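By letter and in written order, the chains are A, B, C, D and E; residue numbering begins at 1 in each of them.
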């Protein structure tokens, strides 16, 4: 799972019918120094994450396990990070 | 899901029988400044997106959930973006 | 799906039994100017693509939908490109 | 499967209900010289790996086979490396 | 599928129970000039490939089709390359 920061929201009126009512967030991956890396992408959120929070994002088919197996989604927020402990040694 | 811009169309007469009648779009991923990044790729579209529009593209097995589970597709347009709100703060 | 050019063939006598009789092509991804990008890779082909042709390649689990669900393949040629129309404007 | 080093832990109180009780590790991919490459990511661990250990990490849908098919996880520690033997020739 | 060279072996005593008895190889992707690219990774092998041989590696969920659907593996050797014929013309 990727460690990401929530950056904002995206709205799409015309969309797959199955996606109506889903909350989409714009997130960006961060590195161990919380520097943003790569372009932002969109993840579905059922946890209630807010802009600026660090989150754990699951990608691929497993993202459907965090929403509904039938949804055409490939990324989902699965946790809001309270804290991280990263060893800087070796 | 990736944030992409629709760049054009692609035609293929000789193709998997299951793909007949499907609409294919050429799309390219964009970053937070709407700069195009990476090479273009092909996504199936059932939403009716047009050239120049910003769209949300689902990749991998989940793309089949936006079309038909039996289709050999790995990318699908699942929404046409009305607006985005991206926090520029750290 | 990726836009690729067919570059050649690969032969493997010792292989998974399920792959016997499958036609493998070496392909390479191209960008909007048809410049080759990244290393070549192998895709199964049931369409009859030839060296030099531009093709649409589906990756991941969806590649199995273009051959047989039980095959251990992660890339498949799903169409031979007749023409592309890519908007060069922003 | 990726060869990774365990770097630390991550805590998330607010998370998908299905993930409660799962142990998450922060890992980073390493190259043949054990140099860390790319940003760290999160993997579920049912093996009992500790910080500083080298591990084998399975990604994508197969990560669910190392935990529970219903979990929204896309990376799992599947082995703790005792030793590697990498040919430096050719 | 990726074109890879077998680089060595990896041993892991503590691992997912389902992986016991599986043979793991360390492989690295190569380009059209057989230059190694990217970091090495681990693939399960049921074909009997040896160090120095060029192989075809299937990634993702399809790797399970080359072993057992229940195994937590995301890469598998599916063929040992006898020869390749790559067109060097544009």
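We adopt the following convention: a contact is a pair of C-beta atoms (placed from the backbone, for glycine too) under 8 Å apart; a residue touches a chain by one contact, two chains touch by 3 or more.
Just so we're clear, the structure is a prediction, and the values are computed from it rather than from any experiment.
Colleague: Can you list every chain that touches chain A and also touches chain C?
Modeller: Correct list: B.
Colleague: Counting hops between chains that touch, how far apart are chain C and chain D?
Modeller: The fewest touching-chain steps linking chain C to chain D number 2.
Colleague: Validating interface symmetry: for the copies chain C and chain E, is the fraction of residue numbers used by both over half? Same or different.
Modeller: different
Colleague: Could you state the distance in Å from the CA-based centre of chain A to that of chain B?
Modeller: Roughly 19 Å, centre to centre.
Colleague: CA centre of chain B versus CA centre of chain D: separation in Å?
Modeller: 31
Colleague: Going by the contact rule already set, what residues in chain B reach two or more other chains?
Modeller: 60-61, 63
Colleague: When the cyclic arrangement of chains is written out from chain B toward chain C, what order is obtained?
Modeller: Listed round the ring from chain B, with chain C adjacent next, the chains are B, C, E, D, A.
Colleague: Chain D touches which residues of chain A in the complex?
Modeller: 1-3, 29-32, 37, 46-48, 56, 58-63, 65-66, 76, 78-87, 89-90
Colleague: Can you name the residues of chain D that touch chain A in the complex?
Modeller: Contact set of chain D toward chain A: 5, 7-16, 18-19, 24, 26, 28, 39-43, 51-52, 60-61, 63-64, 70-75.
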